[in-house]
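Both complexes below contain chain A, partnered by chain B and then by chain C.
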Partner chain A sequence: MTLELKSIGKSVGAEVHIHPTDLTLEAGSFNILLGTTLAGKTTLMQLMAGIERPTSGEVWFGGQNVTGVAVQKRNVSMVYQQFINYPNYSVFENIASPLRVARLPAAEIKKRVGDMAELLKLSAMLDRRPSELSGGQQQRTALARALVKDSDLVLLDEPLANLDFKLREELRDELPRLFSDRNCIVVYATTEPTEALLFGGNTATLMEGRVTQFGPTGDLYRQPNDLVSARVFSDPPMNVAPVRKTGSEIVFGGDVRWPAGERFQSLADGEYLFGVRPHHVTPMRKSDAAVPVEGRVLVTELSGSESVVHFEINDIPWVSQSHGIHAFDVGASATLYLDITEAFYFDGEGRRITTAAPQGH
Partner chain B sequence: MKRVSWIVPTLYIILLMLPIYWLLNMSFKTTNEILGAFTLWPRDFTFENYVTIFTDPTWYMGYVNSLLYVSFNTVLSVAVALPAAYAFSRYRFIGDKHLFFWLLTNRMAPPAVFALPFFQLYSAVGLFDTHIAVALAHTLFNIPLAVWILEGFMSGVPKELDETAYVDGHSFWGFFLKIFIPTIAAGIGVAMFFCFMFSWVELLLAKTLTAVDAKPISATMTRTASTSGYELGLLAAAGTLTIIPGAFVIYFVRNYIAKGFALGRV
Partner chain C sequence: MNKTVNQKAWLFVVPVVLLVAFNAIIPLMTVVNYSVQETFGDNTFFWAGVLWFEQVLNSERFHDSLMRQIIFTATILAIEVPLGVAIALTMPRKGVWVPVCLVLMALPLLIPWNVVGAMWNIFALPEIGLLGRMLNGIGFDYNFTRQPEDAWFTLILMDVWHWTSLVVLLSYAGLVSIPDAYYQAAKIDGAGGWAIFRHIQLPKMKRVLTIAILLRFMDSFMIYTEAVVLTGGGPGNSTTLLSIDLVKIALGQFDLGPAAAMSLIYFLIILLVSWVFYTLMMRNEQQ
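Let's turn to the complex of A and B:
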């Protein structure tokens, strides 16, 4: 079954929450909605589920228009960031709830809940109340309830965001396994680009209620259509600076220049935006093609095996992310190397310039 | 230091219990003893006062009447307040904040303000001297309070719980009755407690709107003198009995109240 959003939009009063959006999600696919808080991820999911009615456009499911169909009549399930369970029900009854509503025979409910609890390691706590469980177990219960009824559409709204680090990694590893033998559409909202890359599948980048790009996650990361998508899909944030192309050279900040290379040779002279991900700005020279720039160090964050250096060049903030410990004094001048072969160029409207076949990441 | 640390709480409790002890003390005395001498305990111990209350319908019907309209009022107030509080906590509509505030302003006037209009109105529609009259009159004060308390508890329940229930296939009423109400049971307990307390304690409206058939115990009790003169022992016994329902209610909802203070807006 395919979920099609046909130019659906949502406004509340004069406020636009979702700009008209077209999106087609195939059965058996894992789809990620990537965007910052308030980008519209939750609203888009509520529109998909039918919890909210779109103010324009239509929702089609399996070739049928379901725009006006109540959420109860659609076969969907949803897991939220907060651990949402029915506090007055036991874990067993929580998981069984959708099956009870569907009036399944008691024996089958018992079997399916038992299997699901087994899968999510909840067998030992079926008699407890959700409030007696740890956060991870509460979220597992919510997941079990979402999975037990074999829905066609499973919506996961930042389900791991409230879990602590260890549990998050554990559950993140389990998730793809839970969906591997199902033919449902999974939609997973997250604010973390890393999480999207770990899951793979398809990604839609969201910014201020607009889906800026949708496609296979790897492609989206390597070939963002525009500056907005590239920014959404970069953590720490992508470095963006104005550059000028003159003849065969790209000039940045007056004195830093590098050859435009074969790919951008044919580009018209003028002003462009240059974007490079933090891990392509390093304190160590990685290749001969790397371009040295001088900056003033603002902050250095050292985390075990990784250094994140915030610095500025001509009042524009930059971030460098590199392996190893590279400590800099605050306020000191530092030389960093831009891997310009990994850089993106954007035109005045923020569209990425693709003059030749894109190279690797 | 350790040896005297019990003194302050003990003193406090003694002071606190003194009026109640005195009431209890008086209730076992004869009126003559109460008026005649200062005695710390009944010299002439008697159950006569209690016997009178439990055998004389003008006395015991006071309790029956009070309990009737108080129960009716509590149930009615909370039943009406539940959907109202749900609307205030879950939906934004034009004037919702003003309406919510306006509800609360009903509590800002003393009951005496409403005594005359209610008396007139209820006489006109033939509700005067009925339990329903007092119960309805008290809802004016109790519904806003219950809405206010319940709204606080309901807003503490994430909206996502509602959505999860709908996604699971529950209808609105299925969710509201089987999931939502049990979830805010503590809030309902607290709201019922406050409704009970107001209605049980309120005297003026209850007295104004009743004559014989629905006369509450508090009205009977304030009748200090009868044809047989002062009956202080009898009044003390009535007072003692009047404390009991309140004490019962507090005992049963004490855990909810503690929870309510921690969670809601009480």
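Let's turn to the complex of A and C:
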């Protein structure tokens, strides 16, 4: 079954929560909604599920218009950031609750709950109440309840955000396995670009109620359409600075210049925005093409395996992220190398420039 | 490491010990003192042992006022708790009406107790009171100063008016603490209004409701001011609740011994019921 959002929008009063959005999600796909808090991820999910009614547009599911069809008639399940379970039910009854609503025979319920508990490592705690479980187990119970009824659409709204680091990693590793042999549409909302990359699948970047780009996660990361999508999909934030193209050269800050290269040779002269991810700004020269820049060090964060250095060039803050420990004195001037082959160029409206020199493919 | 023996820590406890001694232990011991002795008011005391306790426990008068007290408390709990929860459920959880509703609800709680009694007394007077005139006007033979049933009706109505708000506010606090996601999850499951109440709202309100019931039990069991201003225990003894009876014995008849014994029994009843109730609720919570 395919879920199609046809120019769906949501406004409350004069406030636009979701701008008209078109999105097609295929059965068996894992889709990530990536965006900061208040970007509209939850609202978009609620529109998909039918918890909220869109103020414009239509929702189609499996070739049928389901706009306005109540959520309980749609075979949807959802897991939230908070651990939502029935407080006075045991784990067994919690997992069984959607099956009871569907009036399945007791033996069937017992079997399916048993299988699901097995899958989510809850077999030993079926008799306990949610309040007697750890956060991770509570969220597993909520996941089991969402999965047990074989929904066509499973919505996961930052399900790992309230878990502590270890449990989060553990459950994150398990999630793809849980959905591997299912033919449902999974939608997973997160604020973390890393999470999107780990899950793969498709990603939609969201910003202020707008889906800025949608496609396979890897493509989105490597080829953002515009500055907004690139920024949403970059952590630490992408470094962005104004540059000027003159002739065959790109000039940054007056004295740093590098050749525009084959791809951007034919680009019209003028002002552009230049974006480079923090791990392409390094304290060590990685290739001959790398361009050295001088900056003043503001803050260094060393984690042991990684160094994150915040610095500024011409009053613009920059971030560098690199392997190993690279210590800098705060306030001192430092040389960092920009890997300009990995850089993006954006025009005045923030669109990424790709067509300057059409490639062979 | 060697343990250092240092008794100075006790000094830090002294202020609170003094405070509790002056406002609780010493007054209580004075009562205990009166309850086991006979005095004629000239500061001479004779040992009476458990005489007063026996007398109080065997007196029909005490049985009657205790029974009235139990009926009163049970009735107002049976009305105020469900009514309070029902009102809390209908109150808006978001928007501009929230503060308005909260202030309206809190209003009865802000009125001094004797004013509540005086207000209802005048309000219910059959000749001039709005409620009294109205009830008589629509054909009821209503007179709370003469008919015991009417006195009870007015007393309970007054208490419900005065104290349901407390249950409402506590329940409301419990309700607003439930994240929206619970309601959405229930909606996805296709749960109806009753199922949402039974399986989400009620379990989530359990803790605050326990407190509400406990507070209402204790307060209503000790009700004095409003009741004495409204009915003065009458007509006859029909609304003489425990505390009114106690005051009559202690200050009306000046029977200090029996009054002291009765105070202690009264106190122990409240303590015992509250303790049992609390323990049961908390044990239930843990299971």
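Everything below uses one rule, namely that the second predicted complex is superposed on the first by the 355 of 361 C-alpha atoms of A that agree within 3 Å, B and C clash if a C-alpha of one lies under 4 Å from a C-alpha of the other, contacts with A are read in each partner's own complex, and residues count from 1 in each chain.
Assume a contact is a pair of C-beta atoms (placed from the backbone, for glycine too) under 8 Å apart; a residue touches a chain by one contact, two chains touch by 3 or more.
From a predicted model like this one, the values you see are computed outputs, not experimental measurements.
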{"item": "Simultaneous placement of chain C and chain B on chain A, clash or fit", "value": "clash"}
{"item": "Which of chain B and chain C A:Tyr80 touches, first, second, both or neither", "value": "both"}
{"item": "First, second, both or neither for A:Val16, with chain B first and chain C second", "value": "neither"}
{"item": "First (chain B), second (chain C), both or neither touched by A:Ala289", "value": "neither"}
{"item": "Partner chain in contact with A:Asn88 - chain B first, chain C second, else both or neither", "value": "both"}
{"item": "Shared chain A surface residues [contacts with chain B and with chain C]", "value": "46, 49, 51, 71-72, 76-78, 80, 82, 84, 86-89, 97-98, 101"}
{"item": "Of all residues in chain A, those that touch chain C in their complex", "value": "46, 49, 51, 71-72, 76-78, 80-82, 84, 86-89, 97-98, 101"}
{"item": "Contact footprint of chain B on chain A as seen in their complex", "value": "46, 49, 51, 70-72, 76-78, 80, 82, 84, 86-89, 97-98, 101-102, 142, 145, 149"}
{"item": "Of all residues in chain C, those that touch chain A in their complex", "value": "179, 181-182, 184-185, 187-191, 199-200, 203-204"}
{"item": "Chain B residues touching chain A - in the complex, by the definition given at the top", "value": "158, 160-161, 163-171, 174, 179, 182-183, 185"}
